[in-house]
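Consider the two complexes below, in which chain A is the common component and chain B and chain C are the respective partners.
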Partner chain A sequence: MLSRRQFIKTGITLLGSLTLSSCLKQDIFREKFQELTGEEKKAFLKRLEERYERKYGIRINVDATPPLKDAVFGYGLDLSRCIGCRRCVYACMKENNQSRDIPIQWIRVMRIKKEDFNPSDFEHSEHYYSPEEVPEEGYIYIPIQCQQCERPACVKVCPTKATWKEPDGIVVIDYEWCIGCRCCMAACPYWARRFNWGEPYIPKEELNPYTHYYGNRPRMRGVVEKCTFCIQRTRKGRYPACVEACPVGARKFGNLLDPQSEIRYILDNFRVFRLKAELNTEPKFFYFFSLG
Partner chain B sequence: MMIGLFLFFLLMFPSPLISDTVSNARIFSSPLFPCSSCHGVMKPVFSRRKLSFHEDITLNHDNLWCLDCHNASNRDRLNKTGGKIITFNELQSLCGICHGVIYTEWTQGVHGKRTGYWNGEKHYLLCTDCHNPHSPRFNPLRPEPPPLRPEKTLRR
Partner chain C sequence: MNRKDIINFFKGLLEVTFKGGKAFYLWMSLLTLLLLIGLATYIHQLREGLIITNMRDQVSWGFYVSNFTFLVGIAAAAVLLIIPAYLYSFKPIKRIVIYGELLAISAVLTALLFLFVDFGKPERFWHAIPFIGTANFPYSILSWDMLVLNSYLFLNLFIVLYVGGRVYFGKEPDRRLLIPLILISIPLAVAVHTVTAFVYNGLSARPFWNASILAPRFLASAFCSGPALLIIIFKVLRRFSGFRIEEKALSKLAEIIAYAMAINIFLMLAEMYKEYYSNTIHLTSLKYLYEGLGEYRRFVFPIRFSMLLNLAGLIIFLIPATRKNPLSLNAGCVMIITGVWIEKGMGLVVPGFIPSPLGEIYEYMPSIREVFIALGIFSAGAMSYTLSLRAAIALETGRLRHPQAPPIIHEKEGLRARDIMTSDVIAVYPETPIEEVATLLLKYRISGIPVIDREERRVLGVVSESDIIYKEIHKDPELLERIGGIVLPAYRQTVKRGDTAGEIMSSPPVTAFPDTGLEELIGMITEKKIKRIIIVDSQGRLSGIVSRIDIVRAVEKEKIFFN
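== the complex of A and B ==
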């Protein structure tokens, strides 16, 4: 004979185990993506892809390639070559599915008078410059994006642990966990993070369908986003989009652990510096002057 | 797994295993190539003068003159110092005679642009892909539009 109490108990456990099946674990209880098992990850990515297909009407591939072993990414930027043409900014927007109607740009190119240049002080610089032609006499241009710090201030302040540093050095954001408090934006000394104030709009034909879960998959309203060194490309061995877009070859990318890489050649042979080095955030983004 | 194996090989045998590619010289796609189809029957003139053909070429490369780089007896080849003759696809070694430091940096991937794979096959751009060999300095570019000021980003 089943007592009333027992009946309710078994009923609830039965119902609970049904809804708690791995399928709904992510959607309802928001288990952290990196804590899911391989199978659960696959199922969640598949449902994410279906959701995107319903929303945008095209097939979007979301993968979650894990970090490569023996790779820590570093970036070099040759300031004596950069002409401030902003080709990288727009290549980045295209590659990383940034919002178009309320434009979000992960790269910001600062213009500063040569005599005012100081890697710790951008008081006299501006990023709204728009002359007929670049480069202009007497100015240098400093593109700034996420510096992928070794000791990232943004990670320290995140109350939900939605952002962290991966073993390959890339600071990533789990958009499902971001609550949009923007503490990280206040903490970042490089103004590298952007916030989706509205539902981001990207025309269907401009969507890049090759995406990564932590990278360029279409974002939603109320989450923070930033440069991930094109995680969807670099984890598959390719160069970031900005490197391939630069018309003067000022942007260099490579594996800091590989002594043959171009970034290591730069570190060995040029005087490199990092922005706001006194803050001890230890960026993996190195600036240098190859000429004079 | 494959990538790990590849990285292992990369570290073991630094360069010979990588089959990097370099662009074809720009001249091969020119409708005027091969040069010898006209120049084969013409007698080379070594003096500096105003050209009656190739008037679209503005020579603004220090004090060089055509036959300093182009070979006089075989116009489909280039001159290198010491009487060596090279094809257009080896022109980086000719540029490297004067621009030695830049040539070294190019071989290391610091000067110029590489595309492809940071841990695998790379594609190098040849000097003439970016620089016009006859006037190598870059022309100024029109910049892409600046970011919107915050007050303009409000949705209507």
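== the complex of A and C ==
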């Protein structure tokens, strides 16, 4: 026979271990988002939204729109039009909730003397150019962001399968699964990936509340992030923010599988090239010169 | 085995590992202090993130990953020493294999700690574990690296615990189990270092690492730093504990280092030739490392310094005279460890990021906090090695042993002291007068006689001819001054007076055990310049004497040749 004291003791221990294990399941030993069922995903996203609301004091919508059928996204960048104004950089920063105090920018625009331009080598590039006015005579500007490779070097090296290529060609990262080892950063030939070295900070009023789980939802310290072709927009049929922000129409975007798309027009009518083509990463990001 | 046995074992283990002399406590306190500083800094890093390091997006791996790489080399080399031991039956090394394996265990643990503190989300490390998490096989080399490192860790742990357990109970390890395990550990040792090299090697984005010579260079340099560290460790042990190691084993290690360093330097030159002669855009990182890019030249001095150290180490270890001299051997070891630590640590990792794939140059040197955390981790490693070594030595000498276990018999082939010693030995007591001793020496035509205590026959010292001569000469101080230094080896250290054996004997005597091998006996006689070795049992009681003539006879009879 159990004495009353023993009974209470056992009860408390049991209850305690039960709550502890469920906490562990939810917060520490939870499963990978990708492998959850539809219902579980919904519950998980709801918890995420609650967590964000507690942290930022505003409602942030996190969806997980799956890839569109029959769509593989491609990007075109017209180097003869780019004026190096960096409007894309800042539009991207705002759209994608990039950290402001320890600044993170997914797009890097480089200035290179025309005669030094080499799509395989950027040793002569200037990253921190700041003239009174752009464009400048004798220079071209090359914006670089994640090239959404068909054979991504970053995905291969990830020791936890926390980053992968989606059916629509977008390389995504599960911020809840990344352990922050930064192998992918060492592997990327385009320096497209950024790490949250400290706690990212975005002023509440500048937060973009329309987010995607694999995209622009606020990140945390210690994980890697990068351009996702604005997955939160493009999977809903919109243009990426950088395309909309470009004042000279140098940025083109579309479905590579759709023969009528603008990107297909560019591939068919211009001599496009990809950066560091010798590495066989096969980017879906095409550069070209439409003029001259 | 019952509960009492287990309790006894752990009690014994605690005693032999944690009880020690002043030097031991001082060493452990220093390590604890560094460990605490490291821990406090790491807690700070957990709170603030890796922003407290000097790593940034441009140079995204730094000091932690550099030390990880260096330590994997140490771990690999510590076990690779087994090859000469087993393939060529080189016995002096065979005995130290277990110490190499212990070093491998501590080095892997330390390396894994370095990897761990480099993670942005360390609490999620289990995502990388197969089955529990989602390890990325077969694509991710880091997944493979963690797999081989852990296999290597557990294999070595098993070997060491198994051998230790058997020794504790006074049983021989089962060779049918042990030899295959040790043979597996050899390719695994090669694998841990090769796979670590492949983590870098496979990244086409980083031309500096993307050279096929990388893995061979890793191995060559590991074969330098690993044995160099072992030499230093053995020398320290010999100084501070009952650990005995033959000079021959040390100079063999030094020889291995010389060859490995020659290969390492050759491979480095091969790489430099290829890059400089072909002079493609991939040369830039190498140029940054060796000569600097304009104003960016933070690595130039360290790498040139390391080249100098490696070269000096090579010369020291190539020349037999400097290789055998204890002082230059120490210096050479320190030079090589430092040289390889720079070259295969930061010198390998950081230039891979400079310039960045987009041509940006961000110069990196670790922040003071990174250094604190690294020191803490190194201390943890040193601590685990110190404690495991103490347990191993206690097991080997029999201080840690099951009460019912049979006494220690050293596993050695060939002739031992008991086979060649004279066991019918004449001994005297401390109070025996000198005259009587002299008579005995003359009567039996022997050159020395052990002095034992009456009750337990413990050997207290030896009275030799020279002690008697000394005694005789002592009456004439002037004569003593003239010839003392010539005929008396220990003249000046001790001034002896008196008329009994106990007063003039040399003490403590040079002793060995009945199962000490012939080679070791020869080593003792030549090294210490003595004429005879007193053989005692484990309680220090007289069992026999091996004199020079006994050895000559044994060699003659067995036709053994020593090189």
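Convention: the second predicted complex is superposed on the first by the 265 of 292 C-alpha atoms of A that agree within 3 Å, B and C clash if a C-alpha of one lies under 4 Å from a C-alpha of the other, contacts with A are read in each partner's own complex, and residues count from 1 in each chain.
Assume a contact is a pair of C-beta atoms (placed from the backbone, for glycine too) under 8 Å apart; a residue touches a chain by one contact, two chains touch by 3 or more.
These figures come from a predicted structure and were not determined experimentally.
*Asks:* Put chain B and chain C onto chain A via the superposition and say whether they clash or fit.
*Replies:* fit
*Asks:* May I ask you to decide whether A:137 touches chain B, chain C, both, or neither, giving the answer as first, second, both or neither?
*Replies:* It touches nothing on chain B or chain C.
*Asks:* Now for A:198: first (chain B), second (chain C), both, or neither, which partner does it touch?
*Replies:* both
*Asks:* Between the centres of chain B and chain C, viewed from chain A's Cα centre, what angle do you get? Round it to the nearest 10 degrees, please.
*Replies:* After fitting both complexes on chain A, the angle is 150 degrees.
*Asks:* Looking at A:255, would you say it contacts chain B, chain C, both, or neither? Reply first, second, both or neither.
*Replies:* first
*Asks:* In the overlay, answer first, second, both or neither for which of chain B and chain C A:127 touches.
*Replies:* both
*Asks:* Looking at A:108 after the superposition, I want to know if it touches chain B, chain C, both of them or none. Which is it: first, second, both, neither?
*Replies:* both
*Asks:* Now for A:157: first (chain B), second (chain C), both, or neither, which partner does it touch?
*Replies:* second
*Asks:* Is A:188 touching the first partner chain B, the second partner chain C, both, or neither of them?
*Replies:* second
*Asks:* Scan A:39 for contacts with chain B and chain C and give back first, second, both or neither.
*Replies:* In the superposition, A:39 touches no partner, neither chain B nor chain C.
*Asks:* Rounded to whole Å, what minimum CA distance do you find between chain B and chain C in the overlaid structures?
*Replies:* In the combined three-chain model, chain B comes within 7 Å of chain C at the C-alpha level.
*Asks:* Could you give the residue numbers on chain A that contact chain B in one complex and chain C in the other?
*Replies:* Residues common to the chain A contacts of chain C and of chain B are 102, 108, 127, 197-198, listed in rising order.
*Asks:* Hey, which residues of chain B end up touching chain A in the complex?
*Replies:* Within the complex, chain B contacts chain A at residues 3-4, 7, 10-11, 14-15, 105, 108-120, 125, 130, 138, 140-149, 153, 155.
*Asks:* Given the complex with chain B, which residues does chain A contribute to the contact?
*Replies:* Those in contact with chain B are residues 68-71, 76, 78, 83-87, 89-90, 101-103, 105, 108, 127-135, 197-198, 234, 237-239, 243-244, 246-249, 252-255, 258, 260-262, 265-266, 269-270, 290.
*Asks:* Taking the touch rule as given, give the residues of chain A at its contact with chain C in the complex, in rising order.
*Replies:* Result: residues 28-29, 32, 102, 108, 110, 120-125, 127, 144, 153, 155-162, 177-183, 185-191, 193-199, 221-224, 276, 279-280 of chain A touch chain C.
*Asks:* Provide the residue numbers of chain C that touch chain A in the complex, in ascending order.
*Replies:* 48-51, 53, 55-58, 60-61, 115, 118-128, 133-136, 139-143, 146, 199-200, 202-206, 281, 284, 352-353, 355-360
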